[in-house]
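Sharing a structure here in structure tokens format.
Letters are used for the chains, namely A, B, C, D and E, taken in the order the chains are written, and counting of residues starts over at 1 for each.
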Amino acid sequence: MNEILDKIKQKYNAEDVTIQRERLAFVTVSKNLAIDAVTWLRDYEGFSHFVMMSCVDWMEDGKFQLLYLLHNPETKIDLGVKTYIDRENSVMESAHHLWKQVWTYQRELREAFGIDFPGSPRIEENFVLEGWEDIPHMRREFNTKEYSENTYFPRPGRETYDPATYMQQKLYPNQPVTAKRKDNDK
Amino acid sequence: MSEKDMNSKVNEMLARSEANVKNSGKKFVRPEDEEREVVAPDGSIIKVNPIYDYFSGARPEEEKPRNGIVEKFLNWARAESIWVLGFGTGCGSIEIPPLVTPRFDMFRFGVQMRPTPRQSNAFIISGYLSVKTLKRVIRTYEQMPSPKYVLALGSCTINGGMYYDSYSTINRLDHYIPVDVYIAGCMPRPEALLAGFAKLKELIKAGKAEKANEYARNFDWYKANQKKIVKDWNMPDYNW
Amino acid sequence: MISPIHILTIGLGGAFALGFVPKKAKDAAAVIMLAAIALMGVLTGSWLIGLINGDSAQQVFTAGFKPPFSINLLMGLNEGALTTAVNFIGLLGGIYLYKYLKEAGNHAIMVFLIFIMGLNVVIMTRDIFNLFVFLEIVSIATAGLVILTETGKAVQAGFKYMLATGVISGVLLIGIIFAYYYSGTLNIDGLTQAHIGALRGGSVALLMIMVSILLELKTFPANGWGLDVYEGANAGIGAMLSAATATGMYYVLYKLLVMAGPEWNYWIALIGAVSFIGSNVLALKQRSAQRLLGYSSIGQIGLLMIILGFKDILGDNTPYVAFGILFSHYFAKAGLFWLAGIVKQSDIANWAVIRKKPYFLFLMGTFIFALIGFPPFPSFFAKWELVMELVNTGNLPWVVAILFGSMMEAVYLFRWFGYAIKGENENIEDFKIEWNKILPVGIVAIALYVTGYFTAQHTEAGAAINWIPLFFVAAIFILDFLPVFVKNTIAIIGMALYFYNIYPDLDNMRLVFEAIFMIGGILTLIAGYAYKGKRTGFYPVALLMYAGLTAIIEAQTTLQFFFGWELMTAGSYFLIIRGKRSMPHGLSYMLFSVGGAYALLIGLGMAFAGQDSLGMEIINTISYLPYWAYGLLIVGFLTKTAALGLHIWLPGAHGEAESDVSPMVSAILLKAGVFGIVLTLIGMGGESNSYPWLPYALGWLGAITAFSGNLMAVFQEDAKRLLAYSSIGQLGYIVLGMAMMTHLGWLGGFSYVVNHFLYKAVLFLTIGAVVLRVKTHNMYEMGGLIKRMPLAFIAVMIGIIALSGVPPLSGFAGKWLFYNAILEKGWYLQGAIMFFSGGIAFMYLWRLIHTVFLGQLKDNHRNVKEISIWFLIPIYLLLAGIMVYSVKPQWVLQPLGDMIAQWFPDGQLTWDGGTAFTKYGHWAGTAVAVTIIVAFLVVLALLLISTRKAHKVKQFDITYSGERPERPETTHVAYNVFEGLYKAMWIATIPLVETWWNKVTDFLHDTADIVRRIYNGNGQTYIIHIVLFIIVTYFVIIGG
Amino acid sequence: MEYITITTGFLIILAGLWAIMTRKNIIRIIIGFSLFDTGIHIVMVSMAYVKGGVAPILDKNELLTDTANKIVDPVPQALVLTAIVIGLGVTALMLAYAMKLHSEKKSLDIESFKDLKW
Amino acid sequence: MTIAKLGYTLLGLFIVWNWGFLMGATFRKIGARLAGRYGIPFYQPWINFFKNIGVRTTITHGVMYYLGPVFRLTGGIGLFFFMPMVFTGDPNGHWTNFSFEGDLILILYFQLFGMLGMALGAGEGGHPYSAMGIARGLAQHAAVELPLTLAFLSIAIQYDTFSVYKIVEAQQGGFQNWVLFTNPFASAAIILAMLGAMGHSPFNLVKAPNEILIGPATEYEGTYLGFMQSAGSILHVMEAVLFMNLVFGGATSWAELIVKTFLIYFWSVFVGMVFPRFKIEQSITWFFKVPLVLGVLAIIVFSF
């Protein structure tokens, strides 16, 4: 475990090494080296299985964080290679040539976050949404409620309650509210 | 970062993203929906518009009921012979299969399942409906012969339910196709469904289940609603 | 009369005169040579005419001495004819080689003249030593010509030739001297009188003489040197060698065989047969045109040797037979060699270039058909006579050997011809035409037709042949430059008039077939109006086929029958091979046809055995091995009906043929085979025949054919192939019906004959017309065409209902009759197989109509038009026929029944009004039709009343699980539709028959490829061959 | 005596044939052919020999009676002349061929002239 | 043919139509009871029929599509016309219908009429499932036909006739005269092959409802469907009547006919309820095994 982390640190200047569990670790490499690192892990270090690829929107920092999660079937180690890309010019080198299933992940990311992966096959195609015209819906600036209200004829008179407080009020109307509303939406 | 800053930043980003989307060039069209050219055997070029060429697409017309007793008899027959096409996308559809079990046994009410919309006169729509599935619902609904009845099964179908604020699920089915019977609940039990059938029978026998004609009458309104949310409209305006 | 000795004078004089011609005056030299040859020709020609008119033969002695002290020449009828022929071909060859010799110089011209002169003398001489001298002159002249005019490979070949002929002539010389020693004479007549073969030691002398002459004839296998020369030398010289030298040598053999005595006949025939079969088999692997011709030449000489060997049996007919074959060979081979010189393509695959000048193709076809022995060429009549005589005298193995060799020859010649007709010719350099080269070729081609005509007139049966259709074909051929419209009209009028003229002369049975041939022909020709342009070559061959068909019907004699049969084969071959990808199928069609024709030929020969006349009635009374005879006849006819085992040509041939040709060859042509089978079965004596196993086997064959044909049809993706396989199946029904040899069976069979003609013509015409519109045969590329071609759809629908036997259409008549016949005859299992085939037939019929007309219309077919009106006219006329037959079956079945009653009086249908009764059941065709139509209309009316206005929708307005279909291609169920059936029945679709035939051909080709390696190109090896040949012959003939 | 010549003749024929069939050099083959020819000529002449006969020149009177037994047979002698002439012609032509073949392939080995085969 | 005969025939047709519906309902009822359900009311098929007739919108893909159900129903009605129904001893009796127009062979081949028209009509609908269903149906039909043909031939040999009426006549006078007992091989072949002809499970892949959406009829709706139901009910009865006439001694009265056809029908229903569905190649090979062997035996027994 440490061995591979050392190697990747040395080779790709990996920072921010997190050992999550005994067999799960994350490293962050720079955008330019990310695909190189993944390729190297696949070809030389036995991380032949591509588990998944995902994205986190760090809106405040103006970054997208991409994660390539790899698995080594020999040593049973999972290694997540993270990288940050610019949020405004969200283009990332495509990894479709490494695993075919990357195609699909990249299509998903393109649809959900608007990250472009030039050269990735069928990247243009719809993933789950058909004919989506608004900004990518997983970007955090996208307001789903507002969109829904504007688009889908909301039923008038709908009220929304926090289940915890609502149920407490309903069941124990005489007691002070103890349940804290979790304010999720900003 | 203060809330104000945050908001201004968000607005700024929003504007940029929208601009990005608009500037990013042409919208994606599925290859099979693109106009194409084929070469005829005699060498001439034929232009194919896959969205309209293959379909009749004529507007539906109102189908006048027959006169008096005949229509009554027919309505009775329709009520006693409800052929159901099920459409399930979420948890709702799992409530339909119990109806054929000995416990609920819908057959004794003259209700039975049919595999094709052409041969069904009742359409059970269950579960939340995303834009994507709504397209299929519309197409299937339009393909059913008149008179046809729609049973909306479950809260999600009727008003969006817990997905009321989702970017992809519709809120109110009856803005897109007419609904005869609403079976509320999350999820309604099979008994509720049976009750729904009973209600439908009542309506049919009373001659009030003429929603197919309503659809034809308000066709433009329905279509406008449908087209508002279905952006990649790849079927004709009316699916015969 | 000028003495024939002056041939020598002219030849030598001319040669001397050439010496004085200045070297630069090459034209003058060449003209002198031609003049000299022409003069010799005139001389011998005048002798020939004189001799034909009854002058007596003249023997010339030089210097007033008697043999052996003088050279003596004989000018008899044979000599006159042959020398004339040699001079004629020499003249033509001279013309052909005109520029070539001119460039080579005066010496070459001189040598050529001497060559021709030498051959003249070789033919005429009666002195054996003189013979040797002139043989040497001829071979030196040949070698001289080669060395004077050629370079490279040809010179090598020339040297080998010199070596070989040197050794051979040495052997000859030894033989001659021994012969002289033992007999004291050099004169052939003297030697004959001395019975040289019987003298002590004389037999060896004779052997050496005979063997060396055989070797000079390039007998297989000691003939490598000859082949090399044929391949290497200029085509003009090859032509001379093949035509002139071989003719001369052959006559030498003829002369010497008299001297050798009758005991040599057998050996000559045997060596001839070995040579014939051997070289034809070895030729199978040849790719080089000239070498191929060389092999063929040797083969032909082998055949001629067989004829010589049987001269005692053939008796007075020998010259007729020999000259027939010889002249065909002589003209055709010269013509082909010359063509090879013009085309200048060594690889036969490159001969496709000849198509750039279509008339050359005609010439090539003429020569090839003449070589194989097709009418109207002399070889046809000669081969007929030969086979008749040989079979008549019980020499069946020889006939088989001859026909096997001929078959092999047909294989490679037609393969070659196939390349010429259908090969890829895009990238091959075109060839130039020079007048002096094309002129001789044209002349020999015409000569072939003329000699053919006169050969036919020579015999009584041949003279009775009706040539009018052929002249009509020739006229159409001449008019081929006219546009389709004119030619089509002429053809239709011609056929109609002809039919009108002859139909009163025919009995009912023949009338049925003639009506199918002629009316069917006219109807399918109407479809020809749909074609634009000239359609070069279509009308002559189509009419040739019809000429053959009508000749079969009209035939009074077996010769006429066979004549018509072969004409039909040739015509249909050309028709079939017109299709786009039909080359391999055309070849296999031709080979099966030729094989079948040979079976027929033997059968007819056996029929003739012990009979006085050649009348058609002789097949009713075959006494010589009748089982075999009838069997062979049936096999011969089955090749045309494509019975299982002999069917592999049909699917491709019919499937790839042109749109209006497919119905001709399917609906019409196949009936010729049925006609033959009908004739044979009648000949066997009908119901009470004494050959029970033949019809029994035939019945099983028919049933299995029906089954496998239909099953294969189910799995076809190509619409026309599907129909073609269906034809195989349908013909299987007919064969089964006929084989039952009962009234009902025959009635069923005949009802199928009529029906199959009607519906298969409809189906093939319609599908063909559709193919013309959509430009593909693959059903999965069509679909939904009902929207574009409703009339075609109706035609196909009625066609398939009729075919499947669903009441009320006409097909049911056949089924019903068959059931009754089966029950009566007791062939239950065959019947069950047949009816199962019917169920299978239903599948492919549905597939046909569904995948073509129903389902999804393809994008690129959106604008296709309804099929051509010219196709619709015949189609709807035929449909009218089907409808009449369906509604009033008694109008067809009653006359047919009356006709069949003359052979099978028992078990007829009894008619009560419109109801037919058999022992077992009843069927009221009209009433059934009326009932069904009324019920249909009532139900339709009910539907119309109870339905509101039906909304017309388009092709993708289908329920698709909420989805929309994306493309018609992916929505049309058409490819591999019967997958389930295939999984269950794949075992029955293994192409065993095709595999078997492939194995046979592979075996022959591999054998050929291995054996031909004895010709390793080394001159010394060839000498060894020669020496071994001599030794083996010695041990076989003398020692054995 | 007569057997010696005829035997010699046949031996020469065989020698010639042997040369034709086994020697690889074309010139030798031609020489073999010449031998073969010569052998035949000798055989021919010897066949005509009549024991004790003289040349068939009828210059003496005694030869005029019973001529056939006193002179050797003149016919083969005439024949042999022709044969020699022809043999000469053939040999000459063969040599011409040899020249031409050599000029083309610069070789006289018969094995190298196998361009045409099968 | 008198008007009376036509009248009787049409009456018979009406009876058969109703009996077919009732049998259909019974089949459903049996299925329901087997599953422990109450099941449909017995009159459900009639309601369904009227409901279908009352459907307001109708589509048509073309003329052939429109004619498909007409062919189908004509096929059923024609089959009825050519089949002698009730044996009364008079070959031209009222219930022999129009069987004077043709014999067993006519009946056999006329079965294809409706099939063919239906196939063509459904084909024009352009639905891939229709084509698949038809392809399966044809393949299976061919396989069923082989043992059936053999058995029919065997019966024809036995009685030396193709006339259905005569075959029925020959079986009169007690059940021991039935073909079932006089020709057991043919009967066995027919009884097994009959399952395929009836088209119930395990041989109903042709119209597998959930896989290929009831196959050929997938595009048909409303009136068409009503007509096709009618045709189906008539054809079911007629198939049963055919086997009854050939194997089970025919019927001397309508009551006997109803009982016998019901039992015959019940046999196929019973098997259908018990056995799961075959794939098409399985069903073909099945028919090529036992029923075919029995059919061949039936032929062999009678050809010596």
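Here, a contact is a pair of C-beta atoms (placed from the backbone, for glycine too) under 8 Å apart; a residue touches a chain by one contact, two chains touch by 3 or more.
Not measured: the values here are computed from a predicted model.
With steps allowed only between chains in touch, the distance from chain A over to chain C comes to 2. Taken together, chain B and chain E share the touching chains C. Greatest centre-to-centre distance from chain D is found for B, with centres as Cα means.
Looking at contacts between chains, the pair that accounts for the most C-beta pairs is C-E.
Averaging Cα coordinates per chain places chain A and chain D 106 Å apart. Look at where the CA atoms of chain B average out and do the same for chain C: the two points lie 70 Å apart. With centres defined as mean CA coordinates, chain E is found 62 Å away from chain A. Distance between chain B and chain D, defined via averaged C-alpha coordinates, is recorded as 111 Å. In chain A, no residue touches two or more other chains. For chain B, the set of residues touching two or more other chains reads 63, 116, 118, 135, 240.
Counting partners per residue, chain E has 56-59, 213, 218-219, 222 as the residues that reach two or more other chains. Under the touch rule stated earlier, the contacting chain pairs are A-B, B-C, B-E, C-D, C-E.
The residues of chain B lying in touch with chain A in their complex are 1, 6, 9-10, 13-14, 16-18, 20-21, 27-28, 30, 131-132, 135, 159-160, 164-172, 175, 225, 228-233. Looking at the complex, you find that chain D touches chain C at residues 13, 17, 20-22, 24, 26, 29, 33, 36-37, 40, 43-44, 47, 75-76, 79, 82-83, 86, 89-90, 93-94, 96-98, 100-101, 104, 110-111, 113-118. Residue ranges on chain E touching chain C, taken from their complex, read 53, 56-64, 66-67, 69-71, 73-74, 77-78, 81-82, 98, 100-106, 109-110, 112-113, 116, 119-120, 123-128, 131-132, 134-136, 138-139, 141-143, 145-146, 149-150, 153-154, 156-157, 160-163, 213, 218-219, 222-224, 226-227, 279-281, 284-285, 288, 295-296, 299, 302-303. Interface of chain C with chain D (complex): residues 68-69, 129, 132-133, 136, 140, 143-144, 147, 151-153, 155-160, 162-163, 166-167, 169-170, 173-174, 176-178, 180-181, 186, 224, 227-228, 231-232, 285, 291, 1012-1013, 1015-1020, 1023-1024, 1027. Touching chain E in their complex are the following residues of chain C: 784, 786-787, 790, 793, 797, 800-801, 804-807, 812, 815-816, 819-820, 822-823, 826, 828-829, 831-832, 835-836, 839-840, 842-843, 846-847, 849-850, 853-856, 915, 919-924, 927-928, 931-932, 935-936, 939-940, 942-943, 946-953, 955-960, 971-974, 977-978, 980-981, 983-985.
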